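Residue numbering begins at 1 within each chain, and the chains themselves are lettered A, B, C and D in the order written.
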Amino acid sequence: MLAELKKEIYLANMDLPKYGLVTFTWGNVSGIDREKGLFVIKPSGVPYDELKPEDMVVMDLEGNKVEGKYNPSSDTPTHVELYKAFPEIGGIVHTHSSWATSWAQSGRSIPCYGTTHADYFYGEVPCLRCLNKDEIEDAYEKNTGLLITDYFKENDYKAMPAVLCKNHGPFTWGKDGHEAVHNAVVLEEVAKMAARCERINGQVEPAPQELQDKHYYRKHGEGAYYGQGK
Amino acid sequence: MLAELKKEIYLANMDLPKYGLVTFTWGNVSGIDREKGLFVIKPSGVPYDELKPEDMVVMDLEGNKVEGKYNPSSDTPTHVELYKAFPEIGGIVHTHSSWATSWAQSGRSIPCYGTTHADYFYGEVPCLRCLNKDEIEDAYEKNTGLLITDYFKENDYKAMPAVLCKNHGPFTWGKDGHEAVHNAVVLEEVAKMAARCERINGQVEPAPQELQDKHYYRKHGEGAYYGQGK
Amino acid sequence: MLAELKKEIYLANMDLPKYGLVTFTWGNVSGIDREKGLFVIKPSGVPYDELKPEDMVVMDLEGNKVEGKYNPSSDTPTHVELYKAFPEIGGIVHTHSSWATSWAQSGRSIPCYGTTHADYFYGEVPCLRCLNKDEIEDAYEKNTGLLITDYFKENDYKAMPAVLCKNHGPFTWGKDGHEAVHNAVVLEEVAKMAARCERINGQVEPAPQELQDKHYYRKHGEGAYYGQGK
Amino acid sequence: MLAELKKEIYLANMDLPKYGLVTFTWGNVSGIDREKGLFVIKPSGVPYDELKPEDMVVMDLEGNKVEGKYNPSSDTPTHVELYKAFPEIGGIVHTHSSWATSWAQSGRSIPCYGTTHADYFYGEVPCLRCLNKDEIEDAYEKNTGLLITDYFKENDYKAMPAVLCKNHGPFTWGKDGHEAVHNAVVLEEVAKMAARCERINGQVEPAPQELQDKHYYRKHGEGAYYGQGK
């Protein structure tokens, strides 16, 4: 069942330790088959070096397990909400990667200080509020998802494929699991350079809007000219 | 004698350089056989790449060497006190891992800034005072152990399997040597992210208590639902 | 066509990930054949582990593609301006290497705090202004090149083979692609140590001019005595 | 000539990149045969991955080359002064290792904040003044050596086998090249943790003298009990 998608998402999960984004089992990637309305996700708490493609768990968009011998990632209800609210995404990543998580813990959004950031994320990467007591105690992971999708009712989830959850860590997404991992790697690098940049100059200002526009649209949309075209 | 435990603790010791927690010989893992009242520990000052399972030294809980051609780790009297006072632990780790030691040198406890911390350590990781002149000059390593066990008379050593000794470094423990090493790796990661988090936001506050509760109890105790169950 | 130069510049490009200077495709090296007036450069957006020597794109100094199945790096117009204005260079590197880019984002030039810096770069590594709206919107990459070459009308590009572009990142150059990469590695190390040095001592002053002179001229010019001579 | 010493010092030099202490050729190890009054040292500017044991250059204590096809390290006159003034050392290391060099550039001595430091270095690692204009212009490398040996007329070079030269970098020494490299690795680790410690607590004080004494004498001198004895 969904053998190809399982393999793709297995490989995307294995990229998390390869790029240094996870310690132990602290991360997960999922990917969706939009036609069937099913997604596959890493099982909860299984070490990366024991993981196999067939271990990926198949879920539906009500959060029911459709197939799999393992429990799905405990963050699965968050993934469900994102897939339901963001119709054009095909993959989601959650990690506790060190620099992005440090920003999330600090409660600050990551300002756009340069072109590395602007090439991928349009504007500052938002840090959302911590859930309140009721939201935490009842359906914590689902409420995390609702908090994120609520924010993106007013914002473009395609121009900003990343978010920080306060006191927790980052989520990223993309057209498939591979792109979602790619964005997680970029976010970590951007988070690192923004922190160092502020230390080097405590008065630093975000990059001018026209530079942010230039770099973002150099890689995205109608007028894009970076890379080898379609 | 205790061949299986020696092998297990040998492997746990070898995980210290694998996870980047030690330089040269600056670390040690021990593990106990509660039925026999004996524990095995790394020999003192032997390089990791020369270590063999049979080099592990067997000790009793009075601190006497029962078997082994080498001297045990110089920190052995600290391990003895912890095994005596914490009846449910099976393994202990001491390292000079870089970030945890930097916090220990700074004399500050590590606040709980997020869920990575809360998943493993309930509340701030305590930094205990430096020993005084008398305690240092007479039975230094034993007194280090007594300082730790004294603190945990009023605190739960199972909900906080880590401590920092001021001007020195961290100790961690767990149900066996493997879990104690696991906790040492987590502590290092948590120490790193807490330091960076404070640099990104000098006014940062600890995570709300309800979030700390949620994450700790998601993984521990009766209602735990992380991972694949028992 | 230019098979030897392609191979040399291919190898220089492959040194960027080897030395940890690039994430994904964020960097490029070019090298010029001055007699033919042609240079070769990495194609745009092709991953390093798929790159082959024959993929290098051949360009002339008007910025026309002379040979190659791929589009050249989107930074090619910047390289063109540097080759035209700096007659004695043979290779150029652009990266988003983490520490140098953090300085570029901060908008600060890198002071010369010690002999590691002085051995390669004479004086502070300049951080140039951000381009203005008109310069960004029309011929952005070419204008980046003109901004750099304009600065070096009044400054010696051979004594300072590196520059930071504000909100963007570093460019370095040298007598060939290999030396340009060498300078990019040194710049990253110097940027790292300057940032740390300022954290250790917030009042630190640049190294005395006589020490800067000594180290620079120990390795460059008539009286050089470092290394094995010519 | 001195084939065994050449091999030993070759291996000690190869440990510098292995432990991450050098970029390119920025470091050198020497070792002395006290009976013959000759020492061997790395050649100047030869890459580590091309180095062979027979490339080591043999020097006498007047600074004359006795054997070798290459020029010796440009820092050779500094080594000469240290061998002459410190009769019980057998090896010397100079690097531009990142954290120790950052302290040297900052002009600050490294305070003893904990037992990792105290196990190897008794008291703060001194940062000596920058040479003045005359000292730099005439016999720079020799004057660097004299500045160091001058400091140790009043201080114990065996209890402090390391020094920082302002705006330059560290030198370490030991009973042979291997121990000198060991001390260079420790210095880098200690420098890193001291910088981080100060960031975590801006008001941190050095470790109490009695703790420094305890750890230093646990490993050195008559009453030492760390390791496996003689």
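Methods note: contacts are C-beta pairs under 8 Å (C-beta built on N, C-alpha and C of every residue); 3 or more make two chains touch, one makes a residue touch a chain.
Given the structure is predicted, the values throughout are model-derived calculations rather than measurements.
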Show which chains lie in contact with chain B and also with chain D. none
Please decide if copies chain A and chain C contact each other with the same set of residue positions, more than half shared, or with different positions, and reply same or different. different
Can you name the chain that lies farthest from chain A, using the mean of each chain's Cα atoms as its centre? D
As a quick test, compute the distance in whole Å between the mean CA positions of chain B and chain C. 46
Chain centre separation in whole Å, for chain D relative to chain C (CA means): 33
For chain C, residues that touch 2 or more chains besides their own: 198-199
Each pair of chains that touch: what are they? A-B, A-C, B-D, C-D
Residues of chain B touching chain D in the complex: 23-24, 26, 43-46, 70-71, 74, 96, 98-99, 101-108, 130-131, 133, 136-137, 140, 167-169, 195, 198-199
Which of the residues in chain D come into contact with chain B in the complex? 113-116, 182, 185-186, 189, 192-194, 196-201, 204, 207-208, 210-211, 214, 218, 225-229
